[in-house]
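The data blocks that follow each hold one structure.
Below are two complexes that have chain A in common, paired first with chain B and then with chain C.
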Partner chain A sequence: MPRQDKTAIAASLASATCSLLGTPAATPVQAQEEPGWDLNTALLYYGENDDRVQDVSLNLQAIRNFVDDRLLTLGLAVDTLTGATPSGAIPFDGPQTFTRPSARSTYTTPPNTIPLDDSFLDTRVAVNASWQQPLGRLYSIGAGLSASNEYDYMHMGANLKLSRDFNKRNTTVSAGLAIAMDDLSPVGGAPIPLSQMLGEDDRSNKTGDQSKDVFDVVVGLTQVINRNLLVQANYSYSNSSGYLNDPYKILSVVDGTSGDPVPAAPVPGEDFPSHLYLYENRPDERTKHSAYGQAKYYLSGKVLDVSYRYMTDDWEIDSHTIDARLRWPMGDRSYLEPHLRYYTQTAADFYRISLVDGEPLPSYASADYRLGEFDAVTVGMKYGWKLASGHEMSVRLEYYMQDGDAPPGQVIGNQALQELYPDLDAIIAQFSYRFGW
Partner chain B sequence: MTGSRPERGLRVRRRQDHVLAEFAAMGCPCEILVDTDDESAARELANVVAREAWRVEDKFSRYLPNSVVARINGSRGLPVLVDDETAGLLDFAACLYELSERRFDISCGALRRAWVFDGASRVPDQSLIDAILQTVGWQRLEWRRPSITLRPGMEIDLGGIGKEYAVDRAVALLAAQSSIACLVNFGGDLAVVGARRDTAGWQVGIEAPGSDGRRAHRLVHLGAGAMATSGDSRRYVEVDGRRLGHILDALTGWPVDSAPRSVTVAADTCTQAGSLATLAMLHGPNAENFLLDAGVKFWVVR
Partner chain C sequence: MHKYMSRIGLLVVIAFTAGCSSLGVEPWERDVLAKEEMQLVTDPVEAGIDDHIYFSKEASSGGRGFGGGGCGCN
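== the complex of A and B ==
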């Protein structure tokens, strides 16, 4: 058949049908194919500067849409972590020797260098499954299970979420809760809090496995303001209890005048720590409150997504997060999405650079840089495109900069000459591929 | 549209979230799904639909001696005056004839008798096909609304458009009568009307080829409008190892080469959906491109 204007054929047919039936169709056709599986795969690389933590993870997510908005989501993540992480000990102008967490050997860090524990090597496997479905006309219910396992940590979690639509589905109110039960089996055993780091093969201050429970509640409101604007707000409460220490983090015990680490009692050989280090101790409970607001603005194909989160907890950490993304279409099949995120937090009330020799021990103390005061900025760009097959691909590249300071009142003597807070830069690269099946 | 008229009964039963009524008309199983728990209300609506299907069958089946089509086919070369409804269908057939560039033709029923689509390799003699093509064809009949004149020996057959038309008629009657959501399905050509109570629409399965209706190839959620399918994976002939479906090209007198096994189209009305599916079939290997250009939602099984 020679080529004709086929759109014109459809139009001629429509008018011929209209003459035949006497009326045009009451409602235009709405036929939506039930997608089978929607598969999202992503390969993510996270690399910190100075050969610190490197993480490669593979994420697979399979979503199955059923009729009536029922949804099954299955996820699998595998990641491999290698590299070194700051142990909490302060640098000074001499070498320092530490016992590894396994207590099988020691390692020595050079002078004027932030001590890093380089014994990290871990493979983590995480799985999750969730089910969501409407409950009657206005309610929707969802439930999920999650589990993950790595060599020193096992997580099991469950969650439940209920939401209700109001106001012709322009308003959605939701409430959810989640529980997690985690078991820790630290390498070499969990150290007795605030006990001294011992020599090689001495595990007399190590105990067995530990556990922690986390309970989260979230209530939220989503509101369609108009065709272009959607806003969301939620409040969440989170309570963690049990073993909340990082079993590998230590604090240096320092001289009250010089600020230098106090040498350990002289012991012959190299298989003992060179100085006095105590394992950290955190409270066995932490309660967080957070408020979150998000706005999505659609304008001629572009989407601006801005969010803010405020978090406060009874460890006296307050944080603010501002996140903004702008999806900018480039033609029909691709888009660019710049991303900017700013984060700032105050320090935990038991965060310490070091402990002073001779002073009474505080109940809680940690030198974990993640509990200190810092700011972080993430800048990134994502490029996504759609293939002729309908499959979607994207690449994302981001740079993360974390910058913190030691609490000025805590810096003693020579410590002022050292970089006490380990700043952090990291690169994040991700490739995603999404397809239907 | 079949010869022996089956028992005209209605079977009504309640299903999980709707009432199903079944009956036979136009040579195929017909059903109406009514989104209600009220069985008597459903029966009332089903009666409207069944009566309309039977009316269309009685009026347009070429096998029923009292039908308009039988009267036209038996006119021995004399003009026949037809009513508005019949005229509408003839106008529509003329439109399809033009849009298909003479490949879709309601006056080539004689060709259909020459071909037997039972999966075997029986091909009629080319001389027979040529002879038939000499006597049939829309261009050889005279249609001046409201008068139609066939040449002696010519026959028309509205089977290619009657079923979809009946679906659209039934849906229009339902819409005028009630706001209860319904799905009307006449042998796989279907349309929906009204908004469902608890869900957004109806789930429609597109049959997987060769599964005899047991397996859905794709599931489609139909909230409004209609879907129709052209093609039948069970009706074909084998020629030199090639499988030829039962869609005949009125220009060549042969089944369309490299036609899909089935084409399903979703459109505002069942008549449009069915016509687009048939036109796509006539495009053979280019069926998909035709439908893409037409800008409709479709599913092609090859």
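== the complex of A and C ==
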């Protein structure tokens, strides 16, 4: 064969190979990689009544889809918190003076109002990253890391999830593990449990930093029932150990007959609390068990999402949560979604309205309203719409109400005239924007 | 005791998966289930925000996923 022909054949072979490997191959790769990054952003305002906690929060989540269903998720949340929070002390018919957690100054609350500690101010930054990918044909594995930082708190966590599909992928069984290692550096130091609140500049009852560990296990089953119905059932176990106190919460020490706070002995030349208050103490271990069920039902364009959770723990707290959402399409591009949530919990066995002067101190005691018995209702509405560009927006407005009562057997004397449980009303307003990039 | 519990757990899983095998759809019947609004969590950012709010204000957490937390919420 002449040399010229050989060159021509080589050139045409090369060009054929290129056209085989090059152009046609590029198209499916591009198609699989679309849409690249999926970005979810949300701006949240959370505001409580009576100038209690106000939070403005910016949230970003970026999901990158790689070929073969491999998924990278990155998240960022920044919260700016201000406002006051109930200290745990009870109201009575007179003013009360407290030392701030920093011990640098004192503050006084008016008669007949639930004492709020207004020294609450914080910025929280939280980040997380996770990777998920198939493992063989039927398994999927995921691993993630999380961290958050506040002025007085630092969290580091890691998690691992494994799932397997059965029955033509109509059944998925999953299991996950998560560990968290958190460090607390309370403002002014962590108080010695059940020690008395001291005067300004007196930190003799404060200790150094504290820590807690949390270990979580979740096992779950997801099942497709038919073309329009999907259900999920989970069991979770959670164990927390270490410092589980809220270092800023206190209890009033009261007179056994009148129920009024016992005045503190004055310290000459010093600003000091007006009455006797003790810092709370909780057990250093807590084990929770939860059962969770969720159903998603599609009914001629509308989607009903209902879930229920039962939780029980060794602090004797039992809770029930029912959550329902109905996504109602309005034309092709928008929807309305009403939301209703009901929550109820029993009190922790060491929850106390106050401690009685002269009686022996219990090992554990807390007046934190979140450990009391209460019901809560959330009602909300969300409106979402899709722009011509394919970007999605939504606005959500919700109202959250907590309604609790002091345990009747614990109310002493004049306490019956006071509102002892700090009911909570809060507004949740959110704007979300989602787009591909 | 632990061995006993894990055996029961395994039996429950087997029973579920066997019982579930008669339920479900064929791969070509997944048009509705594939819709974004039919995913168990439709808006993960919103779900994260809600978990954080309720974790901060109530004594329960988790259920759908891990317990959440990682804050010194007052």
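Going forward, the second predicted complex is superposed on the first by the 401 of 437 C-alpha atoms of A that agree within 3 Å, B and C clash if a C-alpha of one lies under 4 Å from a C-alpha of the other, contacts with A are read in each partner's own complex, and residues count from 1 in each chain.
By definition in this document, contacts are C-beta pairs under 8 Å (C-beta built on N, C-alpha and C of every residue); 3 or more make two chains touch, one makes a residue touch a chain.
If you're wondering where the values come from, they're calculated on a predicted model, not measured in any experiment.
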Looking at A:L371 after the superposition, I want to know if it touches chain B, chain C, both of them or none. Which is it: first, second, both, neither? second
Chain A contact check, chain B vs chain C, more residues touched by chain C
Which partner does A:R137 contact after superposing on A: first (chain B), second (chain C), both, neither? first
When the two structures are overlaid on chain A, which partner does A:Y153 contact: first (chain B), second (chain C), both, or neither? second
Where does A:A348 make contact in the superposed view: on chain B (first), on chain C (second), on both, or on neither? second
Which holds for A:K288: it touches chain B only (first), chain C only (second), both, or neither? second
With both complexes overlaid on chain A, does A:Y248 touch chain B (first), chain C (second), both or neither? second
So in the complex, which bits of chain A are touching chain C? 40-42, 44, 46, 53, 57, 59, 61, 75, 77, 85, 120, 124, 126, 146-148, 150, 152-153, 155, 157, 159, 166-171, 173, 176, 178, 180, 182, 184, 214, 216, 218-219, 221-228, 230, 232, 234, 236, 238, 246, 248, 288, 290-292, 294, 296, 298, 303, 305, 307, 309, 311, 313, 315, 317, 319, 321, 327, 335, 343, 345, 348, 370-371, 376, 394, 396, 400, 402, 424, 426, 428, 430, 432
In the complex, the residues of chain B that touch chain A are 88-89, 91-92, 95-96, 99-101, 103, 165, 168-169, 172, 175, 193, 198-201, 203, 218-227, 266-269, 271-272, 275-276, 279, 282-283, 286, 290, 293-297, 299
Chain A contact footprint on chain C (complex, rising order): 9, 13, 16-17, 20-21, 23-27, 29-33, 35, 37-40, 42-46, 48-49, 52-54, 57-67, 69-72, 74
Would you pull the chain A residues touching chain B in the complex into a rising list? 1-2, 4, 6-7, 9-10, 12-14, 16-17, 19-21, 23-34, 67-68, 136-137
